[in-house]
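Heads up, the next two complexes both have chain A, just with different partners, chain B and then chain C.
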Partner chain A sequence: MARAAVLGRLALTPVRWQLGDVAGLVEETPRVKTVELDLREWPGHKAGQHVDVRLTAEDGYQAQRSYSIASAPEDERLAITVERLDDGEVSPYLAEELMVGDKLELRGPIGGYFAWDTDEGGPLLLLGGGSGVVPLMSMLRHRAARGSEVPTRLLYSARSLDDVIYREELERLAGDDNLDVLYTLTRSHPPGWTGYARRVDDEMLREVAFREGLAFVCGPTRFVEAVADGLVAVGYGPERVKTERFGPTGG
Partner chain B sequence: MSYVSRGFRGRRRGEGPSDRIPPGQYLVDDFPVLSAGPTPRTPLDQWDFVITGAVANPKRWTWEEFRALPSETIRKDIHCVTKWSKLDTEWEGVSVDTLFEDVETSADYVTQFSDGGYTTNVPLEDLLDGKAWVAFGFGGEPLEAEHGGPARMLVPHLYFWKSAKWVRGLRLMEEDEPGFWETLGYHNYGDPWREQRYWGD
Partner chain C sequence: MEEEDLKLDGNAAAGLFRELFTFELTTARGRCDNCGAVAEVGAVMAYSNAPGVVLRCPQCQNVLMRVAGNGGRYWLDVRGITWLEIHA
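And then the complex of A and B:
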């Protein structure tokens, strides 16, 4: 039983479905909602991991999707942040139908490569496109909860300031001397805007890059492809760049 | 019976033939990209493909030698563990049977390995008898780098992380060795019809 012996060494545990209680709903932007859950059992997670959510209709029909965890491992409740996709099947339900007091079936945590712990040190470069900021927020919340002074920079690409998720909290977190929060607004920006106002390019990456440490890149495929290629072009070795991509499909 | 999600009816039911959509999957028309790091880009004159490890007569092909091998058009449904399935995808590739024609081995397992350091493990029998290919074309075009070009594995009867992108070789193993995602909690075998997504499924 060579196979069983090898796998036994990994000491992995099965990822079981469980029912969480929907304890809070936060409207982040008109298209984005955070679902806060109370769970009976949670093995703990690393910032950056995700969960699978499963919906079941009365006749037994089921649909599953994956969502990044937004909360820090230290937080009392597990939070996921969901962008409503108009032609989606699961995200409109989570964003519009779900109410406090409902239950939600999920399992996790899943993943473990696109994940960061303060013990791993830094400096830490985080690059998010749209709702790709969600797992990066988990990392920032974890960093804050631990009182970490790891030099950290978030470059967050959004269509407009109104599309920025967690804006108030990010501004609060940016009061930390060791954390820079930078936005680039790709579609529209308010009068007098002094931040970046274009798609992420190599020049921008050169300005935010650190000489060492990891970069985490999350967003739509085109964003991740451009940013990951750009990071390599400005001197990040491929082994320093961790990516998580989601396509326009999903929902 | 699972918990019924109040008010959930489901929009995508009946979108595809149920005998071709494994449990927990939904249909897509586009081709989502998933990978853990930057897309590697190895120039073709530096590319080779090897069969190595527990093998009496290791093999190596340059790109030109590899492309001179007999190839075929393959039409298959593919299933990603992130829940999407895509039907009737059309590939051009070399059957693993062709690569193994005069390979002598007593190994039962294979580690696929790739540019960028990715690995994934499969039983050797899952790559033989018309079940797997090294693909270099997709939809009548050369395989794009973001989808694994110049060449990737195509093992369509398993979840798609078992089809390594940017593949550079097959390492024959006497003992099974979990690969990149398998070590991180994904299922060791990955049969979509038994919904083997994660360790313990």
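And then the complex of A and C:
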């Protein structure tokens, strides 16, 4: 009921291109940057939604990409987190050239399928691969802002500990008794590492799975395919699994 | 790059759909006209490495919908869908 009301309200708001002011830049990892924006017109969003960003070159050429919203609906500024892809058309600009005070053209919020609200309850299983953690972070921030006690588990697959985005904040959030934050490091891990150190597999999914509630899976296409199939294999019905794949044109 | 890497979710077409519809199409449920599978539009397969976006049934690969356009003029082919259930 509450969900229908929220979507209904969002759906009636036209989504227009607008220029946001870049108000803050946060270097999350050497390859990943968060862009904080002040917007004149923002109807509010649901955790998990994205924005479309459009760059226009002097000759009029335009390139458009979608970026997940990283901030909670409750946060003052809208934030997106961008991973720089070396052969990308948009991400190198956002991650390297954009400065505080610049304008950025965007529209949103977009989407409603890969979205979660505390009113929808749980338990909530979040599975992120690489920068696929971004929309899941919006959900965790939203959950914390609301003081929600929904049992929640994040399994975050990263190449190494240095590639983990939002690491300090995740450690802080994990102080909540109802939230587990688990990492699996697929390429390298520090000496004495006691967490997972392999690609997500069915055994790992069996350990993190809940008997009920939704699972949100976000990451590169192959990660999402493997995890979504694995979840079904360990007992999640397909209707409990929501996915968002990053394509090769994500840059 | 392999074909598998090009696969996205229907959610990837959400921005394009919002240019055309006043409701959120990715949370609408649709029936595949070929195999009868019912899924939310956000959950079906999407390919955007073409002018516009092609949505396919995750069960039988049938082309559900093709949408292309930018700004003033759009082409919408929905022949692969029997019906859409929309939550307005």
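Of note:
One rule holds for everything that comes next: the second predicted complex is superposed on the first by the 236 of 251 C-alpha atoms of A that agree within 3 Å, B and C clash if a C-alpha of one lies under 4 Å from a C-alpha of the other, contacts with A are read in each partner's own complex, and residues count from 1 in each chain.
We take it that a residue touches a chain if its C-beta (ideal position, glycine included) is under 8 Å from a C-beta of that chain, and two chains touch if they have at least 3 such contacts.
None of these values were measured; they are calculated from a predicted model.
By the document's definition of touching, both partners, chain B and chain C, reach A:242. Contacts of A:111 after superposition on the shared chain: both chain B and chain C are touched.
After overlaying the two complexes on the shared chain, residue contacts for A:145 are found with neither chain B nor chain C.
In the overlay built on the shared chain, the residue A:63 is in contact with chain B alone; chain C does not reach it. Once the two structures are superposed, chain B and chain C can be ranked by residues of chain A touched, with B on top. In the superposed model, A:232 makes contact with chain B only, not with chain C.
Once the two complexes are laid over each other on the shared chain, residue contacts for A:161 go to neither chain B nor chain C. Once chain A of one complex is fitted onto chain A of the other, the partner contacts of A:182 are absent, as it touches neither chain B nor chain C.
Residue contacts after overlaying the shared chain place A:22 against neither chain B nor chain C.
On chain A, the surface touched by chain B in one complex and the surface touched by chain C in the other have residues 7, 10, 12, 14-15, 52, 66, 110-114, 221, 225, 242-243, 245, 247-249 in common.
Against chain C, in their complex, chain A makes its touches with residues 4, 7-8, 10-12, 14-15, 50, 52, 66, 107, 110-114, 220-222, 225, 242-245, 247-249.
The touching residues of chain A, counted against chain B in their complex, run 2-3, 6-7, 10, 12-17, 19, 52, 54-58, 60-66, 89, 93, 97, 102-105, 110-114, 221, 224-225, 228-229, 231-232, 238-239, 241-243, 245-250.
Note for the complex: chain B touches chain A at residues 1-13, 23-24, 26, 28-30, 32-40, 82-84, 109, 116-117, 146, 174-178, 180, 183-185, 188, 197-201. Only residues 1, 4-12, 14-15, 18-19, 22-24, 26-27, 40-43, 48-49, 87-88 of chain C touch chain A when the two sit together in their complex.
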